[in-house]
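Before anything else, here is the set of structures, which you'll find just below.
Heads up, the next two complexes both have chain A, just with different partners, chain B and then chain C.
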Partner chain A sequence: MALRELSSLEKYLRLKKPNKYITQGDKKVPVLQHNSGSPLVGLVTIACHLVKEAKRPELLGDSAESRAMVQQWLEYTVTKLNGYRKEDIKTILKDLNLYLQDKVYLAGNQFTLADPLMYFRIHPIILDLAVQEKEQYVNVTRWFDHIQHYPGVRHHLPPVVVLRNRIYPSTHH
Partner chain B sequence: MELFVSEGNPHCLKVLSALEVTGVQCAVHYVNHEERVVPFLSRPALPALLLPSGEYLFSPNAICRYLFEVNGQESSEHSNQWLEWDATDLQPALLQALHVAVLQGKGSEVFQVLQGPVNVLDQSLSKGNLPYLTGEAVSVADIVLWAALYPVLSDSSLALGKCQLVAWFDRVAAIHSCQSAAQKVLQGKGLQGLKSYLQRQPAPQSNEGGECVV
Partner chain C sequence: MNFTVSISNPPLVALLAAEHVKGSVQVSVAEGKETQFHVSDEIQFNDASSISRYLARMAPALGLYGANIMEQTEVDHWLEFSAQRLCCQPDLAVALGELDKVLSLRTYLVGHAITLADLSVWAALKSNKEWPSLGKSFSHVNRWFSFLSSQVPFIAVGNKYASNKL
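After this line comes the complex of A and B, so read on.
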């Protein structure tokens, strides 16, 4: 999973030469062997490295506060959205829905690395939602739809249909 | 800026150590384990940092990183890698180890549970042959991993034969700020100081069985 995510991220960042990765351990943690220094281990670590390589530091946040928010949501993605139990899904969606109520992107008003990585991981969950559930988690689906249409983000994943108009009476607040 | 912590919560040891080491000015509030500080999270999540912007940080590692950055020490790629490893590899094992040691009273099984991550740390310290995880000076990675391991490594009943790891652990523990943070969180009660916090946590997922979506 991580290797496809990194390959999509490389395409989004328009990196000329795709990197070669290996995976280690049962959890198939990605490892990047690069020319300068010791190998980099872990999806978040490698993704942040690629952003720097592409000279797009703003994707990691443009202030100490936004950098901390980006790191927090990257960590959330690789911990909470990895090997979760089915009963955890509702909590994740409920929390994200409340969080995204007044936000365009995960770190606020600016698109950052946290958005595509969360999008890659949450895709199977959103794909499985019934129309009514998509309406229940309306802020998550609005954010999701926004990111899947963000130029250059959706590479290895099929689009998910998100209705813009409610077809069920709004019962959830 | 306001930091919310609770006594006996091992994650709070990370942020209090980082706060003391960096000397960043910040109001600290001690609250109950069950207090819901972060408005959008269903489960209580401590520590939490209320940023000047009005947003909350609820990841202890992100809070530590932020405190170091505010103090002019931006986290290096190498430090970030250790923070990610802590969140994805060490924390699940530690939670299980603490559960076994404190709630089931089987202290002897702790290092069996922690063997994998402990070997990774020990080997990395032996290979690097440096006093700290990322070099000659203490970094955010040392503080985060030291605080994560403090409850188990400071408990003398849990013997451990990893020389490099123990030497590094003692080196960080000698920093006065770290000792003072440990006293605030554990109140000198050692592992038992974590009991009431651990009782409120869902039982850790075992590696076998259970419905897991990957």
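After this line comes the complex of A and C, so read on.
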């Protein structure tokens, strides 16, 4: 899964030549064998490296506060959204829904690396949701729909149909 | 093209449109008594939404008027909505309730990018005195409003022209 995410990220960043990755251990942790220096290990480490290589440092946040928020969500993506159990899904969606109530992007008003990485990871969960659940987690759905239409992000992933108007009476407000 | 802006009643939506298209359309903005937009000797516009419509059509590549006929119609809907529903005080809360419902599943009002719809609704709220106190009860409108307010063209216009600062 991580290799696919890194390849999508490379395409989003318009990196000219794709890197070669290997995986390590039974958790299939991605490893980037770098020409100059020691190998880079782990999804977030490699992703941050690719962002710097593409000269897009703003994707890691442009203030001390937003940099910390980006790191927080990158860590969330690899810890909470890695090998989660089915019964965790509701909690994940509930927390995320509450958090995104007053935000357009994960780090606030700016698109950062946290958004595409979270989008890649949460895609299978959102794909499985019923129409009514998508409306229940309305903030997650809105954020997800925005990111999947964000120029250059979606790539190999199938689009998720999102209704743009509410159809169920709002009982959870 | 010469654009004169009334200082006592600045046409925020037209100023925002001018700010958005300034890379592709040459407009010089001056301050004066009345809002006037000179296209040629024979043609001029005086009201904010005509001016912003004209500017949006002058720069079709920016997509400010939507990407297709459906979106154009939606943009027209929101231009009318902001002129009629967001200016008169009594039913502002009702209008905000409708807006809140629509914005729950959208980042921008029309399509997936910024359009005149966002500019005009933002401008109408920005100059509405009731909005700051009512804003807290409408979380989706509030999120959308502060998101736009953080974008460069909105900061530029807001700092320079809006009297109703938040």
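Assume the second predicted complex is superposed on the first by the 173 of 173 C-alpha atoms of A that agree within 3 Å, B and C clash if a C-alpha of one lies under 4 Å from a C-alpha of the other, contacts with A are read in each partner's own complex, and residues count from 1 in each chain.
Methods note: contacts are C-beta pairs under 8 Å (C-beta built on N, C-alpha and C of every residue); 3 or more make two chains touch, one makes a residue touch a chain.
Source: prediction; values computed, not measured.
Residue contacts after overlaying the shared chain place A:141 against chain C, while chain B stays out of touching range.
Of the two partner chains placed by superposition, only chain B is touched by A:86; chain C is not. After overlaying the two complexes on the shared chain, residue contacts for A:68 are found with chain B alone; chain C is out of touch. In the superposition on chain A, contact of A:163 is made with chain C only, not with chain B. Residue contacts after overlaying the shared chain place A:104 against chain C, while chain B stays out of touching range.
Shared-chain residue A:127: touches no atom of chain B or chain C. By the touch criterion defined above, A:149 reaches chain C but does not reach chain B. Partner contacting the larger number of chain A residues, of chain B and chain C: B. Common to the chain B and chain C contact sets on chain A are residues 101. Across the complex, chain A meets chain C through its residues 101-104, 109, 135, 138-139, 141-143, 145-146, 149-150, 162-166, 170.
Considering their complex, residues 101-102, 104-107, 112, 139, 142-144, 146-147, 150-151 of chain C touch chain A. Those residues of chain B lying in contact with chain A across their complex are 39-43, 51-53, 55, 57-59, 61-63, 65-66, 69-70, 77-78, 80-81, 83-85, 87-88, 91, 205, 210-214. Taken in their complex, chain A has these residues touching chain B: 1, 27, 29, 38, 40-45, 48-49, 64-65, 67-69, 71-72, 75-76, 78-79, 82-86, 91, 94-95, 98-99, 101, 108, 124.
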